[in-house]
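The two complexes that follow have chain A in common; it is paired with chain B in the first and with chain C in the second.
Up next is the complex of A and B:
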């Protein structure tokens, strides 16, 4: 299941900017994020809390509430820019073509309606089917996601479900209209590890059955290694590195990615301590000048303080946004004028990675 | 559910008994008495003592209470002493119940019909002009005392514009529905205002809470329209605590009815209570307070039953 970057991507996000205008100032939650999602692949978006991952996903579906505003960029879904769609058009896309599930299964289901009603309601919103047909389909979906005894569980209320079962129900709701793209925002963060594995197994099976592309938002590199084909690393509201999952783990190019890797415990190491990325996540109301990672970066130089590096190809099939990343070519003159247009980087050659992820 | 209701009904017995003790004690501890009212201030001490003896008011309080409770349990609240001498208390009260019930129900319906949409709009348009207007109106509504609002309404509508809206008295709706509504129009507004403001504020804050819940976000992400998530997902959850306020407020309405009926000269239970207290008609006071307490108890029971209907989490724990 490796990515096939020759094809046209299903989703093409370019320079997405979303800001929140609060009393404390303007929060640059998403500050020029760019990435692609290809047919049938699983793309991991990793980053610390507050790196703008969730807002990126919400922006793609135009679900950012006031005081947030999507200020620029494009989200091309099969060629059409979703940011130019009307609310009515978006309604028919949400849940139908692109579905999204959220972090906390305990609060994501409405407590006063039955689980079955909530799933079949999505089906009835997007398809012209009878109540009975929708119910039947709901039961099928519940079986698909591994909810035991779906014929009786369909009439249960959310509080009668465990956390893992609720996340399965939400998954059933998300895939109910067989979307092209499923965005899963930290789908297992609130669950324990055994349940996490089960959910990912179900997700894998469903991906195969329905041929969806998945965007998996997580802060957990372990999850990424186990489930994703390609990875986008988010920092300070944008993507700072994109690569196939194997290439990324073998040889991270961006210092932030390297820092993240060092903060994961490994069974093979005999070090006593983990090395966290020093410093704090940048305040999104007041991002540092130049490269927003420079205050925490061990390799930062004077240029990093003034020049804001865009994402560029550093090797066929992978990109990074760091002046000091190996393969990041930027002439002195370009540095001075800042006028360089990186091609934004749809990878032109097949990636050399990703063959063995599930 | 049946067991639950039965249990609650049984539990209401000690509550009502407690109420009866307190009321009985308070009424008898108050200075003055029915005999003085009947005979006037100039009557001789001798005569007063003699009548008190005849009425049984000289016996120990617990004996009087025991006799009263014994009769009351059988539905006999005795006859009125001073309000309408010789007429059974039950008859006097029953005759006046329809007015107060109609006034309370109309006020409640009006209040809910105004408050729920106002609360929803206020929450959806948070910090916009509509929200500010609704909040100012609600705050004023809560702050203005019932009786004052009633007097002002009478001054504006009945005195200034001479609308036939504050004539006093009550025509039963089955006799003349138009006259009935005319008589009750201003009282209903007076009584409903504070109540409505209370519900609107509650509904607003509950809606603000439920609108930001993950399930609303999830519904939106599945392609459900914003309007539907407000009216269905958020509202049904927000209504659960609001229903409690509405139910408990029913008791408050009874309170308000006392003042409103007095201001508008409506012959309802509230006015009767004032009259009975004025004339120290112990039997009517006791029976009325017991009646009002029962309304409280049953309103609360109804709220709990409704609560279980609205909130599946409670419904299933009960079983």
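Up next is the complex of A and C:
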């Protein structure tokens, strides 16, 4: 399950930058994102809308279309940088080594072909097998993902499937070539909670059977808690905290993660008053200066408005990108080298009253 | 229960007839979907009743039928002593001054060609209220819901999702209603924004003495907002109880399964989540007997023939009702354990360990800021 930090990661993403050049301005969808995926683990990438989590996944597979451009960083898959691969090379990697499963089962399946046809086609794209063998494998995969009566349902069209069954069919398609890595982008967001639980149970079983490493992209902290081994928290186009799942939920280090933990309504807690994160999720065309969370952060100081903290180790196995996070030992001289004037004498004060110094 | 609820729904049915077209009609191949199938509940003045269920449970159709946005097939909806189902269209329009709705998706429920000021003003114009003071009232309403009044000339697309939902709430408040139906008001919003809107609804309820019917699929949201909760499954209420009671001592097997399936944001609890097998059956072809019986871990032979009614649970207090022939005596437990330590305390702002090097080595906030150093 949980990976050793000294092991070589399956995927190593460093300083990934993807921008979209739109009429409204440049959207910094991914703005220097870094994380690793280890063998056999499930890594959760959790974030709200505009955190850049979906574009990160698309960028890893070079699936970003114009006006978007991957502009920097590296995506090392077992040592090779995927961003340097040609389209032909990527085509044999996608689906085969790294498969992706998308959010919306309504639009990801083609309504005019049977579900079985669509799964078989993926198999035949990557493997040299007969129609009969592909069909047999399709039925086997449909059974694997828990579709009842696969021998008859293989000939059904997508509209004859419920939402949960369609999502299972997409899962069957994604694992059809026994990929090394599965990227699942909000795989259960459109589903009811009882169906969601079923899908995650199937995913657990498949991971065990095929030994996949999984990246799970979600906005739901409950899903992360129940499914992931390690977590990367995304905000404003980058990862602001990385930790093992237990450590993250026990004691989050980044103020944003802490804010999320405070604001979610919980079944176990019946206090009437919730504690929201103030303000709104940032606009990626116009990210705040310095730390992009500072306008919403209860701990922000003047430094936070100009210094853009990188992700640093705050204790073995966990990282955070916050000047004020415990263990983020950035010395005064380092701050000054960065051009942040940090001499003031007064203790750190929240940024809410720091605005008058402009 | 008082004898004078604000809203009293009794035996509400809403059937939709599905026929695919001319040929089907010719062949008499009508299929009837019983979206709401005999629902009864009361809402007391000033309380919030939660209606929770999975998709296809009929919770939204119930609300729409109560407001007569869908005409009920059968049953009565008594609002402050008036049977809404017996009103003429004109009388119903008049009644809508008192009953308003907040929709799920603020992006599609606001007219994109109108400024938010016009959107908030419209209900007052329709009902001929606040003549001459409407603009002032728009400003006041915007302030009430936490929007700067100077934004009233902006269009919905210039606002974030959370702000648009605030506009939707201001519009509902414009005619000063007594009763608001909130249909999944936070499910389209980001997690960090949800809490802002839930707190706002709570404040407004107190300030304006509102009675709320709150529809949601998310039980954690329901727990925070509602005084009482009705759990729906395939067009029927299967359990009805005070919120605390429902979450600590659920009686119906479906409620228990639903609570067990929720992944809670606590790893040790989330890993223990229970799987409820199967799916909500098609309302075109509902199971015989209890509609939950094909998925129910407790189901017996009788459950396939006896359709249970929503009855008081023996030995329970506070009007706890369940519709299951195997619930004969009140049982405690089976619910959600209460957290030992409050979340607020654990993740509180005060508890945040500020980095000591920044706080204590004589540095800190700079008056000049770093901008000019760059």
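Basically, the second predicted complex is superposed on the first by the 335 of 358 C-alpha atoms of A that agree within 3 Å, B and C clash if a C-alpha of one lies under 4 Å from a C-alpha of the other, contacts with A are read in each partner's own complex, and residues count from 1 in each chain.
Basically, contacts are C-beta pairs under 8 Å (C-beta built on N, C-alpha and C of every residue); 3 or more make two chains touch, one makes a residue touch a chain.
It should be emphasised that the depicted structure is a prediction, and the values quoted were computed from it without experimental measurement.
In the overlay built on the shared chain, the residue A:263 is in contact with chain C alone; chain B does not reach it. Put simply, more of the residues of chain A are touched by C, taking chain B and chain C as the two choices. When the two complexes are overlaid on their common chain A, residue A:108 makes contact with chain B while staying clear of chain C.
Judged by the touch definition given at the top, the superposed model places A:201 against chain C, while chain B stays out of reach. In the superposed model, A:276 makes contact with chain C only, not with chain B. Of all the residues in chain B, the ones that touch chain A in their complex are 213-215, 217-226, 233, 236-237, 240, 310-313, 316. Contact residues on chain A toward chain B in their complex (touch as defined above): 61, 63, 87, 91-96, 99-104, 107-114, 121-122, 125-126, 157, 159-160, 170, 173-174. For chain A in complex with chain C, the touching residues are 48-49, 162-165, 192-198, 200-201, 219-227, 245-246, 249, 252, 255, 258-277, 280-281, 289, 298-299, 301-303, 305-307, 323-332, 339-349, 354, 357-358. Chain C meets chain A in the complex at residues 54-55, 160-163, 190-196, 198-199, 202, 217-221, 223-224, 243-244, 247, 257-259, 261-267, 269-271, 273-277, 279-280, 336-339, 342-344, 346-349, 352-355, 357-371, 373-374.
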